[in-house]
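As written, the chains take the letters A, B and C, and residue 1 is the first residue of each chain.
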Amino acid sequence: MDNLKAIIEGIVFLSETPISVKKLREIIVDAEEQEILKVLHQLKQEYDERQSGLYVAEVAGGYQLRTRDTLGPWIKKFRGIKPVTLSQAAMETLAVVAYRQPIMKAEIEKIRGVDVSGTLKGLLEKNLVRVVGRKDVPGRPIIYGTTKKFLEVFNLRDLSELPTLRELKELGD
Amino acid sequence: MGYEIKLDIFEGPLDLLLYLIKKNEIDIYNIPIAIITEQYLEYIDVMKSLNLDVAGEYLVMAATLIHIKSKMLLPVHDDTEDEEDPREALARQLLEYQAFKEAALNLDTRDILGRDVFKREYDHEDEVDNERILDEMSVFELVEAFRTIIASIKSDEFIEIDIERMSLSDKINEIMERLTIEKVVTFSELLGPLNDKIQIIYTFLALLELVKLRLIEAYQSEPFGTIRIFLAVKQ
Amino acid sequence: MDNLKAIIEGIVFLSETPISVKKLREIIVDAEEQEILKVLHQLKQEYDERQSGLYVAEVAGGYQLRTRDTLGPWIKKFRGIKPVTLSQAAMETLAVVAYRQPIMKAEIEKIRGVDVSGTLKGLLEKNLVRVVGRKDVPGRPIIYGTTKKFLEVFNLRDLSELPTLRELKELGD
């Protein structure tokens, strides 16, 4: 297929959420997954090389065209809206959930030393955190984890991309 | 007093303690507990004098600090070598919290979608009624939806939904599914090789509920005979 | 401005409607209209030259990034595999079924206060709700319940993993 690159570029451009190679394969049946992946990386490289205002983001198990962070100030002016930011409290709760998931509310509170009802609810509403299930202990408390949207918003391919938490073992020294 | 209005920026007692440790350039593994306790309590007093709502967590920590302080004052016996330094649990807690505080800052420096990098927005005019993509929804939204409905009607006719009730629904679904396929099932077949007492109880309760709802019929040809279960209405 | 091209590319990419040179000038105050126009044509040419799947469309007095019409068949296919969506009304009906099952249609309607024929049909088609059985009473009303797919979609092992209202309230209002 000579226009495989153009097709992939078009779909990645249109897709509202990061699109996976698997999904691209469903649309372009004539191409192998390997081939699609190769083209995606080629596209990514080309966007970078020509210093385009856009880049191919590899997030949440898929690919998506986004504006580069250097354009931030102009985009904000263009959109005319203040971006919603998370409070420090919300950020800390989110970090604990991200690194310790699946985790119970009581465990988050033990780590942060404060009641997290409000921040947890905010994170659930923003769809950054979700109910994963219940723990098999008496009372069957709810356990929480992060969502796909969390990966999308924080520009992460998957959870393993999170930088390692500072080691705590130094305590014994 | 030399305290600026920094109080509301603390994310809790651990955050305040970390701040004091940093300010005093103290080694976290060797906290001079008397000094820190004194400064911590002063902060609490300032908060109170400013009529700030001092959350209970701050007071719990104050009690912990005082407790550690008193333990430190007790003479150390030679034969209790193994005994943990009373400050150790606190130091561990502070280090753990500090690690997550850093992780939070780290998350904040990433290229955040909608703040640093942007994607195209789509007008969903053609999609009536705010449609949401199914695989992006969380169970939280489902509960919220239910809560919204409940809130809009007189709530006293509703019993609290609990885990037991839902377990019963699971069992009901399971039995009905089986009856749809097998048409007739005996009571002992339904119980199967269950040795979980709770499961047996749920199965029995589910059957009672289904009979009450007139969804199934149960027959027994003789006392202590086999109980056969049918769908009340053939599908 | 060395990154003028990148900024314009980013804004043209994000703009939902064709953006005019005048509007671009309002955002990028340091550039002249003439300069902006020049960059737009340069961008247009570059997209054409590298046979990208996208092109800079000049429409309705403005500029916008669009997919090329040669991609038509693939775009159609892409749009065809659109993910399943749920409306708020469907969500509410689903919530009632989930928490009150086994339940009759009339009971759902009593709780929701509206006719649910449409939403219920949609949920049955999406295989989130199913017919559990019929009641042996006059009219033989149908009883509804949730499906295995419902559990899958909401990431639940079983129904008892659904959070209770009390648990939700604990998260604060």
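Methods note: contacts are C-beta pairs under 8 Å (C-beta built on N, C-alpha and C of every residue); 3 or more make two chains touch, one makes a residue touch a chain.
Keep in mind that this is a model prediction, so the values were computed, not measured.
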Need the most distant chain from chain C, centre defined as the mean of C-alpha atoms.
B
Averaging each chain's Cα atoms, the one nearest the global Cα mean turns out to be A
Based only on mean CA positions, could you tell me how far chain A sits from chain B in angstrom?
23
At what distance in angstrom does the C-alpha mean of chain C lie from that of chain A?
18
Taking the mean of the C-alpha atoms as each chain's centre, how many Å separate chain B from chain C?
29
What positions in chain A touch 2 or more of the other chains?
13, 65, 67-68, 71, 75, 79, 124, 130-131, 134, 140
Name the residues of chain B that each touch 2 or more other chains.
118, 120, 122, 133, 136, 138-140, 163
Across the complex, what residues on chain A touch chain C?
3, 5-11, 13-15, 23, 26-28, 46, 50-54, 65, 67-68, 70-71, 74-75, 77-79, 117-118, 120-121, 124, 130-134, 140, 142
Within the complex, chain C is touched by chain B residues 118, 120-123, 127-150, 152-153, 160-164, 166-167, 169-170, 172-173, 176, 179-180, 213-217, 231-233, 235
Residues of chain C touching chain B in their complex?
10, 13-14, 16, 83-89, 91-92, 94-96, 98-99, 101-102, 111-113, 126, 131-137, 140, 143, 145-146, 153-156, 158-166, 168
Which residues of chain B touch chain A once you look at their complex with the stated criterion?
11-15, 29, 55, 57, 61, 91-93, 95-108, 110-120, 122, 133, 136, 138-140, 163
